[in-house]
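By letter and in written order, the chains are A, B, C and D; residue numbering begins at 1 in each of them.
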Amino acid sequence: MPSSRSGLHVRASAEMREDRPLRLGMVGGGLGAFIGAVHRSAARLDNRFDLVAGALSDKPDEAQESARMLRIAPDRAYMTFEEMAEVESGRADGIDVVSIVTPNHLHFAIGKAFAEKGIHVICDKPLAVSLEQGRTLARIVDKVGIVFCVTHNYTGYPMVREARALVAAGELGSIRSVRVSYSQQWLTDALEQTDNRQAKWRQDPALGGPAGCIGDIGSHAYSLAAFVTGLELESVCAELTTFVSGRRVDDHAQVMLRYEGGARGLLWASQVAPGEDQNLELAVYGKFGGLVWRHEAPDRLTVTRYGDRPQILTRGGPGMSESAARASRLPAGLPEGYFECFANLYSDVSETIIAQIGGAPLSTTHFPSIEDGVKVLEFIDASLRSSHAGATWTRPT
Amino acid sequence: MPSSRSGLHVRASAEMREDRPLRLGMVGGGLGAFIGAVHRSAARLDNRFDLVAGALSDKPDEAQESARMLRIAPDRAYMTFEEMAEVESGRADGIDVVSIVTPNHLHFAIGKAFAEKGIHVICDKPLAVSLEQGRTLARIVDKVGIVFCVTHNYTGYPMVREARALVAAGELGSIRSVRVSYSQQWLTDALEQTDNRQAKWRQDPALGGPAGCIGDIGSHAYSLAAFVTGLELESVCAELTTFVSGRRVDDHAQVMLRYEGGARGLLWASQVAPGEDQNLELAVYGKFGGLVWRHEAPDRLTVTRYGDRPQILTRGGPGMSESAARASRLPAGLPEGYFECFANLYSDVSETIIAQIGGAPLSTTHFPSIEDGVKVLEFIDASLRSSHAGATWTRPT
Amino acid sequence: MPSSRSGLHVRASAEMREDRPLRLGMVGGGLGAFIGAVHRSAARLDNRFDLVAGALSDKPDEAQESARMLRIAPDRAYMTFEEMAEVESGRADGIDVVSIVTPNHLHFAIGKAFAEKGIHVICDKPLAVSLEQGRTLARIVDKVGIVFCVTHNYTGYPMVREARALVAAGELGSIRSVRVSYSQQWLTDALEQTDNRQAKWRQDPALGGPAGCIGDIGSHAYSLAAFVTGLELESVCAELTTFVSGRRVDDHAQVMLRYEGGARGLLWASQVAPGEDQNLELAVYGKFGGLVWRHEAPDRLTVTRYGDRPQILTRGGPGMSESAARASRLPAGLPEGYFECFANLYSDVSETIIAQIGGAPLSTTHFPSIEDGVKVLEFIDASLRSSHAGATWTRPT
Amino acid sequence: MPSSRSGLHVRASAEMREDRPLRLGMVGGGLGAFIGAVHRSAARLDNRFDLVAGALSDKPDEAQESARMLRIAPDRAYMTFEEMAEVESGRADGIDVVSIVTPNHLHFAIGKAFAEKGIHVICDKPLAVSLEQGRTLARIVDKVGIVFCVTHNYTGYPMVREARALVAAGELGSIRSVRVSYSQQWLTDALEQTDNRQAKWRQDPALGGPAGCIGDIGSHAYSLAAFVTGLELESVCAELTTFVSGRRVDDHAQVMLRYEGGARGLLWASQVAPGEDQNLELAVYGKFGGLVWRHEAPDRLTVTRYGDRPQILTRGGPGMSESAARASRLPAGLPEGYFECFANLYSDVSETIIAQIGGAPLSTTHFPSIEDGVKVLEFIDASLRSSHAGATWTRPT
């Protein structure tokens, strides 16, 4: 069994804790849901949350049945999120934090309900189905002072954080260009016309919102690039296309980006790319160096100083930054994956909330905040407007 | 967010369960341990175990402190494993299963103590420090009828199970040759002369046993090849070398294998291979086809029918076997890793125990049993004898 | 040594030939030039050309010296291309074909001079420094009826031809999207301000033309995508950027493409991408399947039919098309590279000329013709105009 | 088009030369042969040889026809190699060097015939079908003082030479272990029972010699490891297996090696490995560092200093050694392949002969000499004896 160099993977040792676990509630994520199970697994991994309450489905039977199978006490299996926010906020042992894992159109109302009760929120992405909703929610959150995380989860990969740390430290020099792409094949056919639940709500504007591919995975690509580079958007030229006939939202997105300060970006997102599964790739080039990260090998990062040889940075390997080390659990060579990157957001949130409970100031360094979520909505909104105008250059409002 | 084709990743949906969680105890794995945290994280991931008791350290202070931080009730934080076996087996709510995560030399005594009390066991590898110990324990286990899993954990990767299913289905034809290697760099220097705990006990024959590299990672390589091919060992020609001066066990192993029926194998294990981190690779070639699996990309498997094009099989992808699907949680393209492969052993054990509780016959199909653990000890024992005799052909006894 | 399955690599056996070698002349490519040596090596590889004449430099000393070192007879070492065209076209043993390997601004005049004498031409890319030049030349070539090849050389890779054959056969269904990128790092600094000859002329608009990166490597990316997909350009939205201060042409290009029929394309070309060396990648997605080709592993092609497993097609491997087989020399697994892909254009030209000499009709199937070269100029021209207009949608004229 | 940093790829500029081309003859390699065409293409690539004489087949018709197609003058198209050696050595313009590309059993007699006439020799591998033959020939060559190259061609790859230079410079420290493997699939079935010429003579002991896989590709693996590490063989434990029924020589080889000084090696060679095409891999580990080279990406080399990050060394990239630079023609990122590695041996031989003609002392640094060829025969001979004795440790004689 492998070496465990001290300091290289902080999170592993943090699995044993002084703190009490946080009490977690969940809205959505009942039987047959996909992302709810991911959130729960992520919450469990590092031993920091107890799932104690839920409004897991809008169908009462499913809500009850799901709660029972997740060992939630019957009196905390709610039929509506409104009731849950009301009751839980009144209990002495009420939930500390709620996870929102419903279709997109409900994020706003649910987020608002819990935020207003002072309950911290972890919300699946995108934050809302309109920029206006997002901004309204952000104002509420800001006023109430809760922790609010939007699960742009790819920012949780340790080597993505390493990339961010390298850019922040000036290792690449000023950034000149960014290329990011996210390709999937699962919507190559009209899957939404079958009984596939994931496809059905995503392709229904009333549930998923007006943004299709650009909202579902373009948002991941954009937030990944933003997280790593820290660049702010100046304008976009976006062309959103719907290739599958009968489909009501875009399934393919191509975007040119101008960042403040003159950097350029190119973003590709496609859900109709046969052969591709969650193929997310990021390349960042600066005056002094470049880096490439690929989701297919998330524990690695290739970094080149101009004029030197490319180096392979590995999670757990030599010279890893504090930032990446804090998100790492295993020695180099033992693969971490999607659950672990997701769990990093949960554990970051936990640390932040616990610090707040203990009177320490809030730190949101390590997870996408509601401000980050709003910026992604600004990107989506500008892209939709750009595309509707025939793919012309459009500024975020 | 990705597609969730029905049937492709059974384990995900099994996170919501009808069954009660199993009550888990742990021996070893206190503060500062490595593999104990892995076992606990694996046990949590699929929501099937509650850690309720432990004898987590042979130092009373550390045992108590560790238990507290893991939220184990004080009266179930034991100072010795003997006491724990005694008391827990007498409780109505006593542990169903115990995890043994101590240095190797204690596996036997602890395993015996719990087995004799009828408590199921999950034991880290290798099963014991001698073949005789292993066989004695196997006889006890067989008599008592408990579930006993040895965590040769690489057998838990879904695409390793896919490989096994392909071989079993005859897709490669009769197997002709196997090449397997496991390379690490962490013992390139005399790390055991620092304060590294992992290195210290492994390089001390009194704690880790007489087998160094061959026992620590050669065992993984051997068990992986055996799991995939089903081949039985006829004889070995092994050369174990100690490159680092002052070291008391081997740190490099090269082994030629003859399998029953005429297949040939070549096994390489090295802990002094700079640049390599947990680099485990397996290639299997038969009369009709071949396959290659690499730990660095565990979600993929390359399979070639002779005369056809190589195909890339992906976890969650088209045509995955029932066996791999049962061990899969996420759609294709979202990486699973080491915790997930480890969790598959835990969940397999859970399913087996629950079946037994429910009166169904025991099935040990999906995790390495004590018989498998004994076979690995036979390989280690024969390799040690072969090497001592100058690397001559040696049969297991 | 490896297998040689009959029919799999036609070009190897064609190294022994009935035909006489073609007499080759060269303009440019004297001492210290880069691409001239590539052309000559490519011409030699398949044993189909004898280099017998040259105007190798505009400096008389260098021209003479270079000719001598290339064993060109002194009376065929010309000081100007005009003289060379005049004299060679009058000799009974005059050159059959001329290679033009000068800086871009001379392509047109040289091409015209030889074409008008009825001498076949192989011209380095881009065809000319303006679309108008290119079209004028194309008219001349068309009238004279000579063979004219523009060395968009990446079309010479066998697996690129395989990709084209697959698309043409409808294996991917109608094409929906194309992603192509070409990244280099060599111009990250102002190399043109050193004595680097390659950089100097390329960054000088008077010699290299008004297009920098878009003309030098964007042209390769565009022509590769066009060759494989057969798609015709409808319009572009291009943003050309110059990141290095003092530089007079673009060093970074991002382009969105609309193809006739509704397909979408995204093109990235950068010469300021630290860590990247000739990193050319192409992905093509259609209704039924997708393919990916990468220059870093040119002998492979990954192809996926939607719903099936990805397959790895290898040069020399099972099921290779006639088109790829004709361009292949070695069995699968023995790498072919840049010289071989370049040589494929030369050998294609040779076959076409020999067919013409023998009275057979001209076939230009396998190399980029002057028409293809003009189409690339149309792309460059439209991109320059689009970028000058602020990156707006622009049609080729 | 890419950068051409001065000094990074010496061989490219050497294509223009002061020297006269060497006059080359060839024995074997007529119509339908595989390796003859490779030798000729390699000889042409760098413009240093003229093929002027040949005894290309033992069938007179084929010999004549082949010579004609290769534009060899009729009076230099010989029917026997004896005649060719006799006549050419008497001509003022006789061949400088002969290439021997016949089946293995003839290497000795042909090599002897030309060596005794003072004609330099390039001989395909293995040098001979017995160690005795090889040693006899080496004595003759030594006495006569000619240049004699055995085309263990993988030593010609620039990054293999880089690896050798790194080891020689002590970058890895003293070498502890070597792992090398060469896998092919082409003999998975009894191809020799079809009309495949390559398979037929290789599987016939009278033509190919008593060593099958171990001689055909095991020899490549062994010589590659020896070239890079400089280690000398102490003893082998080899198991050669014949899996395909009816086959008369081994088609699978597994060998453990002990090198002088205590290093250990493991060698795998298989021609019955479905899915593998010329899959040659080398890993070398020393006290301070390790390196990995793979034939599937021959232009790259991964090197790790223990404790540092892995670095990717690329042909043409930063920090390349003089030794690799001399064997390189193209800038980084433009792939070189099998023809180019082969051509490096030819050009090395050319440089050595020209130095000798000019009175400079012979240097054989850069190509496998007859001494190297004999050492490979010692390895093969010891492996055959070891295997016949049941895979016991055996010293070379």
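The criterion applied here is as follows: contacts are C-beta pairs under 8 Å (C-beta built on N, C-alpha and C of every residue); 3 or more make two chains touch, one makes a residue touch a chain.
This is a predicted model, so every value here is computed, not measured.
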item: Between the pairs B-D and B-C, the one where more C-beta pairs touch; value: B-D
item: Centroid comparison with chain B (C-alpha atoms), farthest chain; value: C
item: Between chain C and chain B, distance of the C-alpha-averaged centres to the nearest whole Å; value: 54
item: Intercentroid distance (Cα basis), chain D paired with chain B, Å; value: 43
item: Multi-partner residues of chain A (each touching 2 or more other chains); value: 276, 302, 310, 314, 317
item: Chain A partner contacts - residues on chain D that touch it in the complex; value: 302, 307-314, 317-319
item: Residues of chain A that touch chain C when the two form their complex; value: 172, 176-177, 179, 181, 183, 185, 188-189, 237, 239, 241, 243, 252, 254, 256, 258, 264, 266, 268, 270, 272-276, 283, 285-292, 302-306, 310, 390-393
item: Contact footprint of chain B on chain A as seen in their complex; value: 1-5, 12-13, 15-18, 21, 31-32, 34-35, 37-38, 40-41, 44-47, 66, 69-71, 184, 186-187, 191, 196-199, 202, 216-217, 276-279, 295-298, 314, 316-317, 329-340
